Amino acid sequence: MAQVTLKNIKKSFGPTEVIKGVDLDIQQGEFVVFVGPSGCGKSTMLRMISGLEDVSAGQIGIDGRDVTHVSPSKRDLAMVFQSYALFPHLTVAENIGFGLKLHKTPKAEINRRVEEVAKTLQLEALLDRTPRQLSGGQRQRVAIGRSIIRNPKVFLFDEPLSNLDAALRGKMRLEIARLHKELKDVTMIYVTHDQVEAMTLADRIVVFNQGRIEQVGTPMELYHTPANPFVAGFIGAPAMNFLPAEMLSEQQVRLGETVLDLPQSSALSGAVTLGIRPEHIEVSDGGEIMATLDLMEKLGSETLLHLTTPFSDSPLTARVDGAVELTEGQTLRLKFNPNAVHIFAASEVRPAMTA
Amino acid sequence: MADLSSGAIPRRFNPWPVTIFTVLFILAVLFLTPTIGVLLSSVKTTRAIALGDLWSWPDRLYLGNYAEVFSNPAVHRYFLNTLIVTLPATLASTALGVLAGYTFAKLPFRGSNLLFLVVIAGMFFPPQVILVPLFRLFNSMGLIDTLWPIFLVHTALGIPICTLLMRNFFATVPNALREAAILEGANEWQVLTRVVLPLSLPALAVLATLQFTWIWNDFLWPLIFTQSDEKRTIMVGIVNLRGQYTVAWGVQGALSLIASLPTLLIFLYFQRFFIKGMTMGAVKG
Amino acid sequence: MERENRFWRVALLALPLFVFLALVIWPLLSSFYYSFTNWNGFNSDYDYVGFENFKRIWTDRLFFNAIVNTSIWMAAAILLPTILGLSLALLLDAKVRGSKIFKTIFYLPICLSAIVVGQIWVWIYQPDWGLLNTVIEQITGSRFNYAWLARPDSALYAVIVAWSWQQTGLSMVIYLAGLTSVPSDLLEVCDIEGATPWQKIRQVIIPLLTPSTVVVVALSVINSLKGFDILFIMTGGGPFNSSDTLAMHMYNESFRKYFMGYGSAISVVLFLIALTIIGLYFRQLKKVDDIYG
């Protein structure tokens, strides 16, 4: 049975419709990540699940119960905010025990459970401090502690790590993964802009765009078989390249002067858009696609090549081994891995998506 | 490296701090003079003042004026009356301002901005405008010559400024705090009392000081709404007593000082919150 | 959520709004009503007299006298404390020794009531042993006993000085608060560009203090419109009505002569004047908001 069910959810702020009909089932114990461009409605969706925001239309179910009109505190879920939202006038222990105290739990019981939680999150030494005296990572751990103490069925995270620096973010990411493993049967819904967080944490990723779901799937499904160019461009970094091409037959596509053989047949014909990820482009003497090297970004273990091709206005990005020696301005021969080529209808590709 | 230390510019004398200090000092003396005058008058005999000796340093402290004021039962009554009005009215107006300010800051609704403007516009019109109708209202309720109208009017007239200051302060409290508390199971009242108010102590201190000062010092409303000496507040009382001590300037001085003492003490106590409280409330109109 | 919000809005706003409506808005509207009657404050029966009271305003010499005095009073009572308060704040912002004590000294008069302030200044202006005349005598060496508050030429201005003395502290505090939000990197840019202190104040600090100025001016307008107590105590509107303001005039007509209807008409005019100023203020505020967020 699904833990969280969203049925045709819509949301408008005044005249503007922000969520335009979302259906989604989330299973018990699942870790679901919402991704999508800024302003596409991820936070709004999360806030509607939490009950902080009302839905304009549709139904929300949690644990088989229709909670569409149930107040947030009675939905048995917890939320971790990007800004941590710790109460500055309370100590760490009081912050963690805040909800229990509101529910008039006996003091001894609160203390016991606060200590239990503090142990899980390695906060024992900090219990008497106030939030001001904590580092960003510690603050976020306290915020998580505050939400796990009540054993909620569903956890909501809205970009919980985006205020942290890169190293700490990596560490906290592991901690959240560990937490998810430890708290069995707890459902987590997690909003992020970070590709790595999405790919590593998620059981399933939900890609939002302009108030709609573009695709739902495991990270690998989205990476290998994106349903549309939007998802293809959104998942993976650097983003997939899109090039104008033409279908010659069901299994043959022409790119400039080059003809590629596809392993699978495509139902499309005529002018199409060919998608290829930077990591699936190879610089090789046997390659038939000619491109000029404009710029190189050396990242150490790998190098990003920014190339221009005669058959497309937009630049092409390739990712090659860091050991390869090239010079800017040079003309290169490229080889596309045919198994990794995606064919989309030309009309589907909008310029904004490739940015 | 050695160059750096040996090449240090010899410190030139900067005349600014001294100049500014001097200017401020002179201004401060000018500002203090009137108050000191009253202070001096209160420790001098009426005879000495009448002989033109008010503004000189006293050879000896004469405490008779204070004795006179303290032993006057009317003064005790005035003080008590003022306290009975000021404390509850300060509390009530602040509390109402907190309620309204919280709603406007954290629970906005369609038209709430307009309503907020209407409420704070109440701050701008001269209170004399509503004097006659209020007099008639309280008269019909039989409340003239009681302390009730003064309490009620100050509570009501405090609403605009209290609402403005509190709303502006509450607006700086992150919404996420309220939402986090709600998800933890708090209702709106608990959010207000357990999260938002504990964070608003500086604003409350400033507001309470302002309200206390303004109500304690008020003259117009007690003048209009009370008639008998039994119900006078301190400021109206002082003016009345002037008749009794027409030329007893020393007593008048002592009376003024004693009457100002509560507001002075409150201000000195809450002073540390002032700049901060003002920044939050006033600047972001 | 919205359902609970709706409940809490009503629950939280009910009491403040009720008090405000009953004791501010309703009297305001009644005032308009009384201004069309000849109520005398005692009798329960009175007549509707149409625009009679407003017509009378036109022929009331004292009313126009009051308008003139109110304008002088307001102009001075706004300008003086604002300019003085700003100067003090700028001086204090230089972080000189003892600035905390200075701040307290300049602010103290705000804690005093108009009644006490009035009394202090009555003594300063006292013709025989007042401080002002004593100092003048010391300097000139000859006898001087000008009665500042008893002469129509000087009474209003004498009160304005006392008022400014009291109000300056408030402007100062607001400006000090405003100064804390002037970004220091902007001032450092000025130093690097080699601006003189005066240029820095004139070109950078004062424009950046505009939000504070709006607040200071608004508060001065409010306070000076209300300025009744101090005039009442120092001059009572005299001598020969030379310091009679609208608020004073309205009090006299309503509560001394018991022309409550006429007094209401005056207060309606006072209200309209206030409304105009509020309107101008909010327009200004909007402009400032556009620039300074």
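Note that the chains take the letters A, B and C in the order they are written out, and that residue 1 is the start of every chain.
Here is the rule we go by: a contact is a pair of C-beta atoms (placed from the backbone, for glycine too) under 8 Å apart; a residue touches a chain by one contact, two chains touch by 3 or more.
On a predicted model such as this, the values are computed, not experimentally measured, just so you know.
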Could you find the chain whose CA centre sits the greatest distance from that of chain C?
-> A
When A-B and B-C are ranked by contacting C-beta pairs, first comes B-C
The distance between the C-alpha centres of chain A and chain C, rounded to whole Å, is 58
Which whole number of Å gives the spacing of the CA centres of chain A and chain B?
-> 55
Just curious, how far off is chain C from chain B if you go by their C-alpha centres, in Å?
-> 15
Overlap residues in chain B, where contacts from two or more other chains coincide = 187
Which residues belonging to chain A are in contact with no fewer than two other chains?
-> 52, 72
Would you please write down the residue numbers of chain C that are in contact with two or more other chains?
-> 4
Over in the complex, which chain B residues touch chain C? Could you list them?
-> 16-17, 20-21, 23-24, 27-28, 31-35, 37-38, 41, 49-50, 52-55, 96-97, 99-100, 102-103, 107, 109, 117, 119, 121-137, 152-153, 155-157, 159-160, 163, 187-189, 213, 216-220, 224, 235, 238-239, 249, 252, 256, 259-260, 263-264, 266-268, 271, 274-276, 278-279, 282-285
Which of the residues in chain C end up touching chain B in this complex?
-> 4-6, 8-9, 11-13, 15-17, 19-20, 22-28, 30-31, 34, 39, 41, 88, 91-92, 94, 96-99, 101-102, 104-117, 119-121, 123-124, 128-129, 131, 134, 165, 168, 173-174, 176-178, 180-181, 197, 211-212, 214-215, 218, 221-222, 225-226, 228-229, 232-233, 246-247, 250-251, 254-255, 260, 263-264, 267-268, 270-271, 274-275, 277-278, 281-282, 285
Partner chain B, residues of chain A touching it in the complex | 50, 52, 72-73, 77-79, 81-89, 98-99, 102-103, 143, 146, 150
The answer for chain B against chain A in the complex is residues 174, 176-177, 179-187, 190, 194-195, 198-199
Within the complex, which stretch of chain A touches chain C?
-> 51-54, 69, 71-72
